[in-house]
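In what follows, subunit A forms one complex with subunit B and a second complex with subunit C.
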Partner chain A sequence: MASINLRALAPIGVFFLLCIVIAIFSPNFLSVSNAIRILNASAIPVVLVMGATFVILMGSIDLSIEGIVALCAVVTASLVLNDTTAANLGMWAIPFAVLTGGMVGAINGATHVYLRVPSFMATLGIGFVCLGIATAALGGFPVRIADRGFRALTLGRTLGLPNGIWVATAAVLVALVIQERTRLGRYVFAIGTDEVTARQSGVPVERIRILVFVLAGLFSGMAGVMAAAQLGQGHALIASGRLFTTITAVVVGGTALSGGVGSVLNSVVGVLIVVVLTNGMVLMGVPPFVQQGVQGFLIIVAVSIALDRRQLEFVK
Partner chain B sequence: MGKFSRQTVLLATAAALSSGMGAASFADDMTLAISMRSLSNPYHATFARGGEEFAKSVNLPFEVLVTEGNSEKGLADIRALISRTNGNVCINVDPNDSPDAATIVDEAKAAGAYVVTQWNKPDDLHPWDNDPNYVAHMSFSGVGTSKEITNALIDAMGGEGGIVAIGGILSNVPAIERKLGMEQAVADTDGKVEILDFQPADWNETKAFEIMQAWLTRYGDDVKGVWAANDSMGIGALEALRQEGKAGSVPVVGIDGTEAALSAVEAGEMAGTVAWDPMWTGGMGLSLCHAAASGAIDITAEPHEHREFYGTGIVVTPENIAEFRERDTSFDYGDYWAKSTGQIQYQQ
Partner chain C sequence: MKTVLELRNVTKEFPGVRALDSVNLHVGRNEVVGLIGENGAGKSTLVKILAGIHRINEGEMLFEGKPTSFRSPRDAFNHGLAMVFQEQSIIQTLTVAENIFLGREQEFLRFGIIDKRSMNSAAKVELAKVHLNCEPSEKCSKLDFAARQMVEIAKALSLDGRLDSDIVILLDEPTSVLERREINLLFEIIGELKAKASIIFISHRLDEVLEVSDRIYVLRDGAVVHETASADASITGLHEHMVGRQLDHEYYRENKQRSSFGDPVLSVRDLTIDGELRNLSVDLAAGEILGLAGVVGSGREAFARCLGGLMLPSSGEILIDGKPVKLNQPNQAVDSGFGFVPSERKSEGIVSGLSVAENMTLAAGKRFSRFGFIRFDRERTECQHWIKRLQIRTPSVKTPMQSLSGGNQQKVVLSKWQIVGSKVAVLDHPTRGIDVGAKEDVYELIREMADQGIAIVLLGDTLEEVIGLSNRILVLRDGEVSAQFDAPAGAKPDQLDLISNMV
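Right after this comes the complex of A and B.
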């Protein structure tokens, strides 16, 4: 386990500071119902950052998130009871969609490793291909979901909490086990810290890189399933804006873009910071014209506090 | 050169996408083309289909150009098309941004091509100042229709209470006009209806979802109605309400007439939407352009209200949706202004 120092707790500090400031302006912020709304809005981003964190810890980046989420949302919507295809697989659509995400992840990894294309370019290109497939397959129209049972995945509640929150919690647990208890998790840190040393110590770098992209694809696929359930449809534009939120959340949570430093739990805090910021802007009544500026400023403040720069030799 | 070959590839792709294009097209045939943002949204996909249907009806080659939200790409593709056809082309274009229209008109004039523009153009650029190549500009009244749909929302609320409003990208002309129409309708209630808050969600349903959630915290049951500048954001807000078991109890209105919104109106979850007519703007825009270019009509002799006109936006509510679904959508390509609802007015 990574050694705990005060700096590592900084993102949590930023989070609570933010909550206090918002609560001063808007007491409603601290209500239970708002807490549930914030957790609910965090569900899809949390699932996305689980994959993105491993990729970034490894020193790579995954820009195909929006493409995979859109493609998998379309696959999901097309396989459950819907207005476009004759399929009616119900919950069995989920494994198909998640595996689609995993397959695209494998293509990401293979392109990056075997064609030696930087992950930035490889994933950007493949993300566009996914969007292209989603657009061409539907001709620009959405597939609307008619399966109420499937939509319970996000609309239903268990123990008073929306199911999406439970799905996200399960995703965090899976990611945490991978990070803390598996060889894959340790190798990711080894590669991110120093790939040359890792290779010399016998880490199968290529295989691990591909596996991590598969993992990221699986999480993005699950996020696609959740997006389809949440909005009741699948279409090519369903994920627009998700990429920026995801990368921001990972970095705000304190994971270094240069690799080797960070944790999936940090990223959960990162998502909460980003979501609370959006929620708080509306609650505090910040005028729309200045919101983006304030958000950008606060994100830079959050990153400068949260990132443990003593562990970084250089920042690029 | 590299640039030329890239454009050729893009054009070839666009041409391949337009399935209606016949294999044999003679060099002296007039080419018909549609240009718009992307094929990944229902409005533009239908707009392109409208153009394709007209091209089929006159048996002329047809191409679809896609800007992908990039003005440079949009202009480069149109330039390439004009030079490839030696100006023997009719283009029905929804410019990516208002200033693009001026450049497109200049290119068309220089080459003798004909253009009809949709939605976006500078207020001081007029077809009659650019005879005969700038045939017409078509749009929908953002202020007027937004006022009508806001009134439908106010009716559904029982005439009073607080509303929250979700806007589009703040600098877009339709976003500005629709917001203005909504504010005018609210002002006409003499304070019975109040705008609790206005937030832009950039036409994005996920953003609208998150903003709606925050509003439920901030205003709770004081939210008696939700106004959205388009249907995507309206659906995003509706799904946030559904999460809290409030779908159907708080009326939502949107604009665009997407299938998702129309179904929500049928289910009583949305109080209304405004249906545009992209089959008509796509088809009739090209038909009018073709008529002017081929000499079937003398466009320069037509009055201003035939050169800059609004199409028909239909306010669809639970009361008239059955009728709307049954309506006759066919139109006569030769009856150019049958669906016009008046000359375009400019806001100061």
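Right after this comes the complex of A and C.
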């Protein structure tokens, strides 16, 4: 049992170790303003990993994140006061955009479950379709947001902290309640651990799978809204690089790609690790391309630590 | 006769179970040794020790007189101990020759490239030893089960001449899926193989073991209880050693067997599953235990899986309380009132990662949640009630399922369906792989379930178990009901009556 507990706590240990190392090389790291900067940079990734964690806990994967974020950012930008369309829905644009994400999630789930396409392929394809729609709808140009009230969603501050951090915190709370206190959350673990038994016990596996992809789509949609508010525009490339950080954060946090093991809280720690690493490398003046390499290296190390190889019969 | 393989005082313990208890056994050169025992007697543990999957706790294994411990089935194979399992180790997408020489291609390498022609002709030699007439270049997926089994035996025989040591071939239940004609051929080949190798033959079919072996070991509860030359043995004698007692009424709680039942619950009308089952009709009342007897492929497994919503019927009707129900999906079966306890407990019965409580309430989601939110108090109270009532040995409701013993896991599975309020419990080998004490607990539990008015369909681990527990027994043969017996307490039918209708 001791080794299992160590494994579960490893990400937190890594996080603190990382902070100590960076602080030694770069004293600026340990300032309140930098801490807020890190939290703010973590806001959108945290919202994204909430959805991705459920999908991965179930033993599937969602590669449509960038597509959904981009599509929802464009939808948001087009519905608030902007330079391209005549709409001016203000804050009402948010539910529309989030629901758009949920719908794409439903399509992901339905494709995966009913057409029996592996989630890897289904979400990859649908993600690209979303990117295509976002690009084609705008002819490749961005939609600029003119609604200051809306942009306060991420740019404004409440109690001294940027609003994005509060939105992310709310997302974590919602995800945590779903994980710990609902049937959906429990079924996700049951399916991820042992789908056969879950099915035989009468768990509606297909419906749960689709629901989880809808959930992931809703979180991605929210992330799209936040991205639009943060950058003040919506365009097809707004989410570039988000997929890799999301999956990295979930895995680095200790959620197993094979499903059944992990937690949304682990993923929050995973995001902090990834963001702190990036932040630290910037402070230390590491060139951007090297940063990418380090991130890639990190995910491999994390997976090889997280997998309990003694229990794996084969690796595919 | 020179001894090739020997086990000395071998003991193997798993958490809570002593699977093997100081077993002594030897296999001579060119000898066919039969190994029999009921399910749970320790046969498969023994096989896994020989194959290097499990480690010995006490005692030692000697191969050609030297203490040996194999690291893996492959390691055992390379030393001359080849296994032919029921779950075949043939890779279907490779050719026959590639399978035979898998991992040993060096012999055919020329400058790093496999010389297929010489490999195929070498394979041809091995195939001739088992009289298998197929092209070595053929994909294994094209062969039927019996032929693939022959390929495995050919693979084992390919060690002959390539190794200095003796060869031992272990055949684990090799006949269970074979036709009579194929079985005869297998026995003929075993007769010929004796000249080249020693053979360990494991089966639960006593007649076959008697026919093919020179010497027989009987395993019971992890110990060798009898050793005999086949010439001196009889089926009834072996059976008594295997079971270890005359039919014991107490053991199956016959005094608690009900003689009156409630209203009819389950009706099955002309149920047909293509290729598995034909026109099965049966009625079952609340509190009644219906035993199903039959060999593998008789249709009883298919019937059970059909009731669990895991197999679709081709025609016919299933009624609960007089109303037809559809069982296209397991969750429809659960909603209709069926509780299915699968024979593969580890892979189908429990979710290892989840806790005892989560396993218990897995099927009863709605009862323990409101608007999708779990009601933890209610869940804990209910689970603690069942843990106490079924005497499940677990530190708490939150204990992970995998740290419970097999018997306690099975009690959790049974409680799962009682919590849902299932009307019909389908028990597919409910005592498989659990030790004797836990078995008695499960029997007690089955009686209690009947008392609560649950109708029970039972596929027993042994014939004796089916007879001991059931009120009524259906015997199936080749997908049809061949006989029906009433089995009231004190007037149980004889095993031989059932067997004569099974084969």
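The rule is short, and it goes like this: the second predicted complex is superposed on the first by the 282 of 316 C-alpha atoms of A that agree within 3 Å, B and C clash if a C-alpha of one lies under 4 Å from a C-alpha of the other, contacts with A are read in each partner's own complex, and residues count from 1 in each chain.
Here is the rule we go by: a residue touches a chain if its C-beta (ideal position, glycine included) is under 8 Å from a C-beta of that chain, and two chains touch if they have at least 3 such contacts.
Keep in mind that this is a model prediction, so the values were computed, not measured.
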item: Clash or fit (per the criteria above) of subunit B with subunit C on subunit A; value: fit
item: Contacts of A:R183 with subunit B and subunit C, given as first, second, both or neither; value: second
item: First (subunit B), second (subunit C), both or neither touched by A:G254; value: neither
item: Which of subunit B and subunit C A:R144 touches, first, second, both or neither; value: first
item: Partner chain(s) touched by A:S31 [first = subunit B, second = subunit C, both, neither]; value: first
item: First (subunit B), second (subunit C), both or neither touched by A:R199; value: second
item: Subunit A residues touched by each partner, larger count belonging to subunit B or subunit C; value: B
item: Lowest C-alpha to C-alpha distance for subunit C against subunit B (Å); value: 26
item: Touching residues (chain side subunit B, partner subunit A) in the complex; value: 38-42, 44-46, 167, 170, 197-200, 202, 204-207, 209-211, 213-218, 220, 235-236, 239, 242-243, 258-260, 263
item: In the complex, subunit C residues that touch subunit A; value: 308, 310, 330-331, 333-335, 340, 342, 347-354, 358, 362-363, 365, 369, 372-374, 376, 416, 420
item: List of subunit A residues in touch with subunit B within their complex; value: 26, 28-29, 31, 33-34, 37, 40-41, 83, 131, 134-135, 139-142, 144, 154-155, 162, 227, 230-233, 235-242, 275, 278-279, 281-283, 285, 288-289
item: Complex contacts: residues of subunit A adjacent to subunit C; value: 181-184, 186-187, 189-190, 193-194, 196-204, 260-261
